[in-house]
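Structures for review follow.
The following pair of complexes shares a single chain, chain A, combined with chain B in the former and chain C in the latter.
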Partner chain A sequence: MSFLQRIENADRRWVFLLMGLAVAVPIIYIGLTGKTLPEKATPLAESAFEVLDDLPSGSRILLAWDFDPASEGELGPMATSFIRQCSQKGHRMYFIALWPVGAQMIRSTTTKVIGGYYPDLEYGRDWVDLGFKAGNEAVIKTIATDFRQMFPADARGTSVSAIPMMEGIASLADFDAIVNVSAGYPGSKEWVLYAATPLKKPLVVGCTGVQAPLMYPYVPNQVRGLLGAIKGAAEYESVVNGWVREDSIRKTLVAGGMAESEAASTATTLARDPDDAGAWSETAAAASLTPESKAAVIALAAAPTPGIFLEAQRRMGPQLVAHLLMIGLIVMGNLVFFASRRRGGGR
Partner chain B sequence: MNRQNVGVIVVFLILGVLVAARAFVGDGMGRVYTRLDPVEMVRIDRPVLDATLVETETETQTQTTESVWVRSDSDQARDFATASSQTVAWNRSEPVTPAEAFAAFESGETAGIRLDWPRTIGLWVAAFFTLAIFSFLYKDNPFYKVAESVVVGVSAAYWMVVGFWDMIVPNLLGNLAPGFVQATFLPGLDAASPQWAYLIPATFGVLLLTRLLPKGQWLSLWTLAFIVGTTAALRMVAYIEGDFLSQINATVQPVYQVVTDADGGVDGYATFWASLRQLTLLIGVLACLTYFFFSVEHKGAVGGVARLGIWFLMITFGAAFGFTVMGRIALLAARFEFLFDDWLWLIDPTNQRVVASAVGLLG
Partner chain C sequence: MKRTVPLIITATVGVVLIVSNFIPAFRAWGEEATTFFSIIAAIAFVLGGGSLLKVHLRKISDRNAGWGYSIVVLGTFFATLAVGLLKIGVTPNPAFPDMPWAGDVQARGTAFWWAYEYTFKPLTSTMFAMLAFYIASAAFRAFRAKNLEAMLLLGTAFIILLGRTFAGYWLTSWIPIDGPFSGLRIEELSVYIMQVFNTAGNRAIIIGIALGIASTSLKILMGLDRSYLGGGN
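Let's look at the complex of A and B:
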C-alpha cells in the first residue's frame, strides 16, 4: 500500500488522537510554565469593557448568566472577568439566570471572584443573586415592566423588599446596563429583542462560538459590546486584567497622598511596564509617598495575575496548536484528493 | 477475544497503572479538602427604629419590635438574645486549597480542615465520566452509554427540582398561599394577602399534566393553545422591531462614513475603513437578497449578483464553522484542564497546591 493510499484510508481515530495531543500538550506546557500568548483587544472587546467602564461607580448592572456546565469552558472566563470589572469599578451587581443551571453558574463565579478577591463586597448591598426563573423570553418581557412580579425573592429566599440594593428597582428600565453570558436559547438574542431594543438599554453580550456569527448584525446599535467564544473572552480578560492592575496602583497612590492626575499617569506607566517600578521608586514623586505606600505600589506592579483571571488566555495556546493541526489536515486532505484524482483513483 | 479488544484492554491497563503510579508520586492526586465552619443563629426581638402601624384581625397596633435571625456571635445577638431565645446550629463546609490543607496538617493546627470524602468521590466520579464520554471517540461502549444515561437522568431531575423551588414555590404558591409558604418554605418571603389571579396559571399548569392521563388528554390542548398563541404574539412584535426594522435601519446608512479624531478633524484612515465596511455590508446584503429572490431567473446581471451572494454566504458559513471549531476546542481544553489540574494534579495554574510537586515530576 502506497503512502497516498495509507493516508486516504487512515482511520479517523488517528485524527482524534492528534487533536487530543494538540490540545493536551499545550495545556501541560502552559500549566507548568505559566506562559500565555499575548492578546491584543479588538474594538468589540474594548467596547464591552468601555460600556461598564464609562458608567459611574455604583451603577446598577443586571448580569444574566444563561449558560450551563457544558459551555463553562468557553463562557466561564468571560463571566469571571465581567464580575471582576464590575467589582473593581464598584458597580452594584444583580445576577439572574434564565437557564436552570445558570443559578449554579452564578454561585460558582461569584464564590470564585467576589468570595476570593472582593470579600469586602456585601451581599444585598453590592451584589444580589436572584436565581433562576423559568419562562424564557416571557421572563424578560415581564421584568421589562414589573421586576418584582418575577423575582419576589432572591435565590436564598429573602424577600426583595428586605434587600437594600433592590430599592428603586421596579423594572429593567431602572438598570444602567445589561450583561448577558449566553450559551443558546434563551440567551443573547432574546435579551436583544425583548430588552435592549425596546428599552434602548446598553447590552454587552458574551456568547459561544456557535452563536457569535448570529450576534454580529446587532453590533453596535443593539449590542454595544460582543465577546465571541474563547477568543473574545481572552481579549476582554487581558483588557480587564491590565485595567485592574492600573486601577489598584492608582488607588494606592491616591491613598498615599499623590494627586489624582499624577497617580493616573503613574499607574498607567507602571501597569504597562512593571519593570519601571524600580526606577520609579527613586523619583521625587515616589519619595513623597510613605514607605508603605511605595512598597505596596511596587508589589502591585509586579504581582502576578491570579490564575482564575487567565483562564481564557491559557486556553488560547491549545487553540493555536489545534487550529494549525486542522489547517494542516484540511490542506493535506485536499492534496491527497487532487493527487489521487490525477492518478485516476478519485471520484 | 479479537485483536481490537485486546488492544483496548492493554490501553486501559496502561492508563490504570499510570494513574496508580501518579497517586503515589509527590503529593498524590484527586483529593478535595474542606474546612468545617460552625454556624449558630439566634432569633431575637429587636426594636424597630421607625415604628409602623400593623393591622391585625382585631385591632390596629404599633409594631415596636421585629423578630429576626442573626448570627449568635453578632453584636445584636449579645444585646437582644435571651436564655430562652430560639437557636439553630449547623456546620458549613468551606472548600480550602490542598496547599492550605498541607500546611495545616504539617503544623498540626488543622482548625477543622479535613479530607472531604463525598467531594473527593464526586471528583473521581466526574473524572470517570469525562473519560467514559471520551471513550466514544474510539467506539461505542457500555461506559459511554452509562455516562450518557446518567447525564440525561440527572439533568431532567435537576431541571424539575430547580423549577419547583425557584418558580412554583415562590411565584405560584407564594402568591396563592403566602402565609403558608413563609411559614414552611421561605421565611424571608413577604406574607401579603393571597393573589387569586394566580389560580389561572395554576389551572393551566394542571391541565397540561392531563397529557399523562390515559383519558382527557385533550384538556392539555387549552394550555398548549395559550402557550403557542402568546409566544407567537410576543415574538412577532419583538422580531419586527428588533430584527426587521432595526436591521434595515442599521443597513441603510450613508456609504461614506466620516470618523472624526479627538481634535474634531476627519480621521482619513478610519474613515476609509469605516466606509469600506459599510459598502461591503450594503453589497453583501443586496447580493444575498438577490440570491434568495427566485421570481427572476438567475441569468446575466442577476445571475452574477446571485453568485456574489453565494460567495458572501460561503464566507459566512466558513466563519460560523471556524467559530464552532474554536468553541469545541475550548470545551475540550476545559475538560483536559480538569483532568490534569483537579484530578491528576499535574499542573497548577491557579496555585491550589505546592507547584514544586508538579514541576518536580519532570525532573
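Let's look at the complex of A and C:
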C-alpha cells in the first residue's frame, strides 16, 4: 500500500488525536510560560470599547447574558471583559438573561470579576442581577415599554422597588446602552430588532463565530460594536486590559496630587511601556508625588494582568494551531483525492 | 371548532399586533398581547415537561431501541425537578431567616447548584468541544476543490481561518501597513471579506427572508395557511 493510500484509508481517530494535540500542546505551553500572542484590535472591537467608554461614569448599562456552558469557552472571556470595563468606568450594571442557564452565567461572571476585583461595588447600588425570564423576544418587547412587568424582583427574590439602582427604570428607554453576549436564539438578532432599532439605543454585541456573519449586516447603525468569537474577545480584552492599567495609574497619580492632564499623559506612557517606570520615578514630575504614590504607580505599571482577564488571548494559541491543522488537513485531503483520481480510483 | 377557535385567536392577535405597531393609540393592546405571549411561554415549560414524559414513557413501555437512555432522561429530569422545587440544601435568605423557603435555589452549595456545576456544565461543554474533532475529520474527508465554486469557497475559508489567528498577521507582516497594498494583508482581507462580501450576501438573504415571513404571516392571518395547526392540511 502506497503512502497516499495509507493516508486516504487512515482511521479517523488519527485525525482526532492530531486535533487533541493541536489544542492540548498550546494550552500546556501557555499555561507553563504565561505567554500570549499579540493582538491588534480591529475597528469593530475598538468601537465596542468606545461605546461604553464614551458614556459618563454612572451610566445605566443593561447586560443581557444569553448563552450557556456549551458556549462559555467562546463567550465567557468577552463577558468578563465587558463587566471589567463597566466596573472600572463606574457604570451601573443591570444583568438579565433570556436563556434559562444565562442566570448561572451572570452569577459566575459577576462572582469572578466583581467579587474578585471590584469588591467595593455594592449590590443594588452599582449592579443588580435580575436573572432569567422566559418568553424570548416577547420579554424584550415588553420591557421596551414596561420593565417592571417582566422583572418585578431580582434573582434573589428582592422586590425591585427595594433596590436603589432600579429607581427611575421604567422601560428600556431608561438605559444608556445595551450589551448582549449571545450564543443563538433568543439573542443578538432579537435585541437588534426589538430594542436597539426601535428605541435607537447603542447596542454592543458579543457572539459566537457562527452568529457573527449574520450580525455584520447590522453594523454600524444598529450594532455599534461587534465581537465575533474568541478572536473578537481577544482583541477587546487587550484594549480593556491596556485601558484599565492606564486608568488605574491615572487615578493614582491624580490622588497623589498630579494635575489631571499631566496624569493622563503620564499614565498613557507608563501603561504602554512599563519599563519606563524606573526612569520616570527620577523625573521632576515624579518628585512632586509622595514616595507611597510613586511606589503605587510603579507597582501598577509593572503588575501582571490577572489570568482571568487574559483568557481570550490565551485561547488564541490553541486556535492558531487548530486552524493551521485544519488547513493542513484540507490540503492533505485534496492531495490524496486528486492523486487517487489520477490513478483512476477517485469518486 | 377544534380548528376554528385557534384560527380566530391567531388572526385576532396578529391583527392587534399589526395595528398596535402602526397606530400609537392601540399600542396598549399590543402590549397586552405580548404579555399573554410571555405567560404562554412560561406555561410551555410545563407542556414541554409533559411531552418529554409522554415520549419517554412510551419508549420505555414499548421497549424501543435505546429505552434504557429514556430511564436516565426521566430519572435526571425528576431529580433536577425535585431539588429545584423542594429547594434541597437551600439556606434561608438572611433578610427572612424565619422563612426556610425564601433562600436562593441557585446559591453555591445547594443541590441544584451542585447538579448544574458538576453535571450539566461539564456535559454540555464536552458535547460542544467534541465538535472540533468532527470538524477536523470532515475537513480531511469532505472539503474537496472539485470545481471553481469549491475552490473559491476553500480559498475564502483559508483566508478567514488564517485571518482569525496570529498566523495571518505574521505571514503578510512584510506588506507595509500604510502602503497602497495594505489591503492584501491577510488580516485585512479577512475583515474585508466579512464586511463586504458576507454583508452583501447576508443582507440579500435577510431581506428575502423578511419578505417571505411577511407573506407567510399574511397567509396565516387570513387562514390560508393552516399547517401550524397540525393534521397535515
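Structure notes:
FYI, the second predicted complex is superposed on the first by the 347 of 347 C-alpha atoms of A that agree within 3 Å, B and C clash if a C-alpha of one lies under 4 Å from a C-alpha of the other, contacts with A are read in each partner's own complex, and residues count from 1 in each chain.
The criterion applied here is as follows: a residue touches a chain if its C-beta (ideal position, glycine included) is under 8 Å from a C-beta of that chain, and two chains touch if they have at least 3 such contacts.
All values reported here derive from a predicted model rather than from experimental measurement.
In the superposition on chain A, A:G157 contacts both chain B and chain C.
Contacts of A:A267 after superposition: neither chain B nor chain C is touched.
In the superposition on chain A, contact of A:T42 is made with chain C only, not with chain B. Shared-chain residue A:M105: touches no atom of chain B or chain C.
When both complexes are overlaid on chain A, the residue A:R314 reaches chain B alone and has no touch with chain C. In the superposed model, A:A322 makes contact with both chain B and chain C. In the superposition on chain A, A:A229 contacts both chain B and chain C. Once the two complexes are overlaid on the shared chain, A:I330 sits against chain C while remaining clear of chain B. Contacts of A:G73 after superposition on the shared chain: both chain B and chain C are touched. In the superposition on chain A, chain A positions 16, 19-20, 23, 70-73, 101, 103, 133-135, 138, 141, 150, 155-158, 209, 212-213, 217, 228-229, 231, 319, 322-323, 326 are in contact with chain B in one complex as well as with chain C in the other. The touching residues of chain A, when paired with chain C in their complex, are 12, 15-16, 18-20, 23, 37-38, 40, 42, 68-73, 101, 103-104, 107, 133-136, 138-139, 141-142, 145-146, 149-150, 155-158, 209, 212-214, 216-217, 219, 228-229, 231, 316, 319-320, 322-327, 329-330, 332-334, 337.
Interface of chain A with chain B (complex): residues 13, 16, 19-20, 23-24, 27-28, 30-32, 34, 70-74, 76, 100-101, 103, 131-135, 137-138, 141, 150, 152-159, 161-162, 192-194, 196-198, 208-210, 212-213, 217-218, 221-222, 228-231, 306-308, 310-311, 314-315, 318-319, 322-323, 326.
Chain contact summary for the complex, chain B toward chain A: residues 137-138, 158-159, 162-163, 166-167, 170-171, 174-175, 185-190, 230-231, 234-235, 238-239, 241-243, 246-247, 249-250, 316, 319-320, 322-337, 340-341, 346-351, 358-359, 362.
Residues 27, 31, 34-35, 37-38, 41-42, 44-45, 93, 95, 102, 104, 106, 116, 120-122, 124-125, 127-129, 132-133, 135-137, 139-145, 154, 157-158, 161-162, 164-167, 169, 187, 191, 194-195, 198-199, 202-203, 206 of chain C touch chain A in their complex.
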